[in-house]
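Letters A, B and C mark the chains as written, and numbering starts fresh at 1 in each.
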Amino acid sequence: MEVNHQTAGRNETMSVSFLLNGEHIQLNVSPVARAVDLIRGELDQTGTKISCGIGRCGACSILVNEKLMVSCLLLAYQLDGTSVTTIEGLSSQDEIHPIQKAFLEEGGFQCGYCTPGMVLATKYLLDSNAEPDQHAIQEALSGNLCRCTGYGGIIRSVRCATSNQEGVR
Amino acid sequence: MKKNIRPDGKEKVTGRLKYLTDLAFPNMLYGKILRSPYPHARILSISTDKAKQLPGVQAVITHKDVPGLNGFGIVRPDQPVLCKDIVRYVGDAVAAVAADSIEIASRALELIDVQYEPLPVLDSPEKALEASAPLLHPDGNVLHRASFQKGDIEAEFSKCTTVVEETYHVPRQLHAYMETEGGVIVPEKGGGLTVYVGTQHGFKDRFQLSRILGVSEADIRIVSSPMGGSFGGKDELNIQPYGALLAIATGKPVKIHQTRQESMRSSIKRHPMMITMKTGVDRAGKLRAHQTTIVADTGAYATLGPAILDFAVEHTCGPYLIPAVKTNGVSIFTNNGVSGEFRGFGGNQITFALEGQIDRLAAAIGIDGIDMRRRNIRNEHDLGPLGQRIAETNGASDVLQSAAAVYAEKKRLLSNQDPWKRIGTGMAITMHGGGLGFGRLDPAGGRLSLKEDGEIEISFGFEEAGQGILGVIEAITTEQLGCAKEDISIVIGDTSLVPSSGSTTASRGTSMVWHSLQRLKKPFLQKLLARAAGIMGMKEEQLSIGPGGIWQNGECRLSFRELVSEQEPIIISTQFDFPVSPDPIDSAHFLYTYSGVVAQVEVDLLTGRINVGELHQSISAGPVVNEMGYLGQIEGGGVMAIGYTLMEDVIMADGHYVTENLDSYLIPGIKDVPFDLQMKAIESLPEEDHHGPRGVGEIGTVAVAPAIANAIWDAIGLRVSQLPVKPEAVLKSTKERGVLHGSQSSNSGAK
Amino acid sequence: MQMQREQGVAFPPHLISLEQIRELTDIEETVDGSVRIGALTDLETCRTHPLVKEGCPALSEAIGTIASPAVRNKGTIGGNILYGVGDAVPALLAMNARLSWFCKNGIRSEWLLDYMSDQELPAEGAILTDISIPSLVEGHCFFRKVGRRETFIPSVVTVAMYVELTAQLSIQSIRLVAGGGVNTPRRLIECEKMLMGKQLTDELLRVLSSKLKEESALIGDAFTSADYRRTVAANLLVSELQSLR
């Protein structure tokens, strides 16, 4: 029952290049390496979390070409030629993204472990739907589990982010 | 003091916060733990030779490599760190490996050859109590018995006009913290070990690890925050011993981060219990006799099992006054994983049964549940459930009154258009003890100091698991001292830097921070003012503390920085015990919190599925320290309890886990919970109360299940006695009682 | 595959990526009015595409119940079909979809119904290239999934139906499908036969209910029993037919 993240005895690698939060990345990866391990490990972007490993919690969500995906079900090579945004890419040292600000001010987190995924899922929602209703919010966050907040704070955050974004426009 | 942003918030929403499982160190190795494939077996032999030969493997350890005590456990160290001759559950560790990569470590585990002789599997308390059952521990298969008795139970039953008896079954719940157990254990250059692994009680880990490693506590530093959730699940040791042993064996940092499946297999769970209650009322609707037996499945090892059973026994009659009570509880060893500490601590199980009894009795005598509760509720000056004096508040009747009003309102607004749905409303109340209880070591403490850079440092031995203790510390400290949040720095979760504050558990954090500040602030402020007075050549009475420093006549005259003196540092510490009842009754609690829950459910008659549309919690726990933190605890606790009620169950078959990951073990998603959770905080305390705000870490989880059960009864007339409520049971019941048929003919769902 | 890897099953020795073949990710309306979906079209594109959303809303709905938005952004419609118990399959069966395969000796086409009966590839090494859904303007389509949670959950029961009624409310054409969990979604042919040409009377629906339970033959698991699944499948299909009266 132990996890074998790479098929033992294989050393072949392949070259991938992609944009990570706007920065060009080129490296060699094992063809069976998971995207999440590449991001958290070699690239040391630990804002992307790992929890279930089978795409059933959303903690490892990232944006690939602006689409929400779970990086535990993606292989590293599948990032080739894409533009990847992780949670680290949403804010600069001085300025945080309006969605992050909303999560901060509305208590959209407690332990914070699901938060990067939640923030990115919210971004993916608001990118295509500026005024999501209850159904749209529930649908957009349905793949992201949170054990702390009961989703109340998260829902308030998404609503607040909606009005924050309006302010930005 | 209202909508405070948490101090750890910005780092969390930006993903910049380094959790302990995010850490990496130079030359770091990766550890993996080999756990038993059998729920119960004798170990015949362990061979690690092949694993050791695998390139990239740096160390393989077994029981032979444990220099100190080969055991751990908060109450008693009966769980082997590495099993030598017997394994008692499928999570029991037999060996561990440190290697250059996770892949190599995993491969090495496969190369460790352990020969077992399977033994009979005790997969239920009933089996474990059979005369022929093998003994799992030297003292037998009973971990603990607890009982309570008052009044003449038979005499009181004879005065009852109605008696209800029911057996309730509650499931094994997984904490399902999003961050699984893990971290890095680092051997330090000058000797000693730093353990970067989340826990709820760093000093307790240090003690347990020193016993295992055979080194002095002073040589171990525990860094235990932040954590991606714990809920009681990380209070006991988990991977720390293996990481520590491997780090010592290799002289290198060792990282272990369990996968979800490894976590599911090895972690503790909430105790499944079978609770039988026989409860009687007299003609006036007064409870007279209440007899309870509790059988808890504590799994393979003790951990906090005894205390949890004690807690359940204490809370058997909840906030009700009953002249005769007889409770017998027993906690049984089995080969079903390990049960241990979990938010609510036995209260959730017993409250589900108790409130079920109250509702059944009310229906049996033809009064509504709220009326039934009013007739029997405790008042401010009544003794606690074990006959002990408790901190007096009106919490019980306050939450009942609040919940009654909410209940009436929800009932009034009820509407249903769908002929295949039924809507029902239910309520329940509870009281819940905080702290560890009388006779348990429950020390707390904190420290205030003026640092060289002029920051006021407040430090506690607590851990931040997401519950918001940092926000609580910030709010209480700034309020009590009168300074701004920019003036203070908070240090927690590092045994080398903080005083011992006891465990971050039992809803005690908020209380302990407040009590500490009560003790620290006067001497600390006096020293600051005295020094300021000296510098400014003024009288202390003319000065006060404010944002930024020392204030006089509405202006800040002197910064905190200017008060710093290298010769005479200002440091104030305090040590005290969590307040307990003056009555020496073992495990009895003194500070209680109260909740009144109203739930509204929609039952789908075609599928038997239940949707909780509304959840309203009225909470009485003293003043709110941090509004967002408080609300989050209650909402989050409520949803965790919705999961407990409707879907969560760690299913085991023959001692093996059937639910191995979050695809089969289900926790509520956003669509499974009310979109608008509601909460009312009742902050009032009697004027003479001097215990301040109580913790609310657990109370939000306790009375939700019975409120939902009550709502299901209201909707379709089904009495729930088993959790989680299965749609299958709902469907069967509606069919048997013709609910579905009725709907088809009348085509009207509104009740 | 990642799921199996977490459970300890090693990856196959070679993976071949087809992701760059554009023709496999198209959605278009063909001359006969049917909708052709490339097998590698991701589920979310499928779900939201106007041709699917308006032309086959039950398919759009079914896809919306699969996993989560993030997973649907990567998972493909072809993958869902080849998985064998994918939740898009019942809807596609109800719509009488056809599959096209790229084989050594050319393109082969077959009914999804035929493929699902044994789930054998039409030829060794055949690659699913596209799915065609005939125009469904006449009738009423229905899909419903029940899981142990509201969403983001494997199915316990899935049902789908396509039905055409005459003006007198007798059944002119019907396809009934049930599946869920490990149960391969399948057409309930006997029940369909029984309904053909009949009026939807209470009596007929009562008989249908027990016949559905029998013919669906759904099996249970550690979480839900066979009886529960069969009852729910029957309840959902019967109540839907009832609502059409």
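Note that in this section contacts are C-beta pairs under 8 Å (C-beta built on N, C-alpha and C of every residue); 3 or more make two chains touch, one makes a residue touch a chain.
Since the model is a prediction, treat every value here as computed from it, not as a measurement.
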item	value
Chain nearest the global centroid, as defined over all protein CA atoms shown	B
Between B-C and A-B, the pair with more C-beta contacts	A-B
Length of the line joining the C-alpha centres of subunit A and subunit C, rounded to whole Å	30
Averaged-CA centre spacing for the pair subunit B and subunit A, given as whole angstrom	29
Length of the line joining the C-alpha centres of subunit B and subunit C, rounded to whole Å	43
Contacts with 2+ other chains: residues of subunit A	1-6, 8, 53-54, 56, 138, 142, 144
Interface hub residues of subunit B, defined as touching at least two other chains	259-261, 661, 663, 669, 671
Where subunit C touches two or more other chains at once, by residue number	3, 6-7, 151-152
Interfacial residue positions of subunit B with respect to subunit A in the complex	3, 5-6, 8-19, 22, 24, 32, 37, 102-103, 106-107, 109-110, 175-180, 226-229, 231, 257, 259-262, 265, 465-468, 628-629, 631-632, 635-640, 661-663, 667, 669-671, 673, 675-677
Touching residues on subunit A, where the partner in the complex is subunit B	1-6, 8, 40, 44, 46-54, 56-57, 59, 86-88, 90-91, 96, 100-101, 103-116, 119, 134, 137-138, 141-142, 144-155
Residues on subunit A engaged by subunit C in the complex (per definition of touch)	1-8, 31-32, 34, 53-56, 58, 61, 64, 67-70, 72-75, 77-78, 121, 124, 138-140, 142-144
Residues on subunit C engaged by subunit A in the complex (per definition of touch)	2-3, 5-8, 10-11, 13, 15, 17, 19, 44, 64, 67-71, 73-74, 151-152
Contact footprint of subunit B on subunit C as seen in their complex	3, 6-7, 146, 148-154, 157, 222-225, 228, 231-232, 235-236, 239, 242
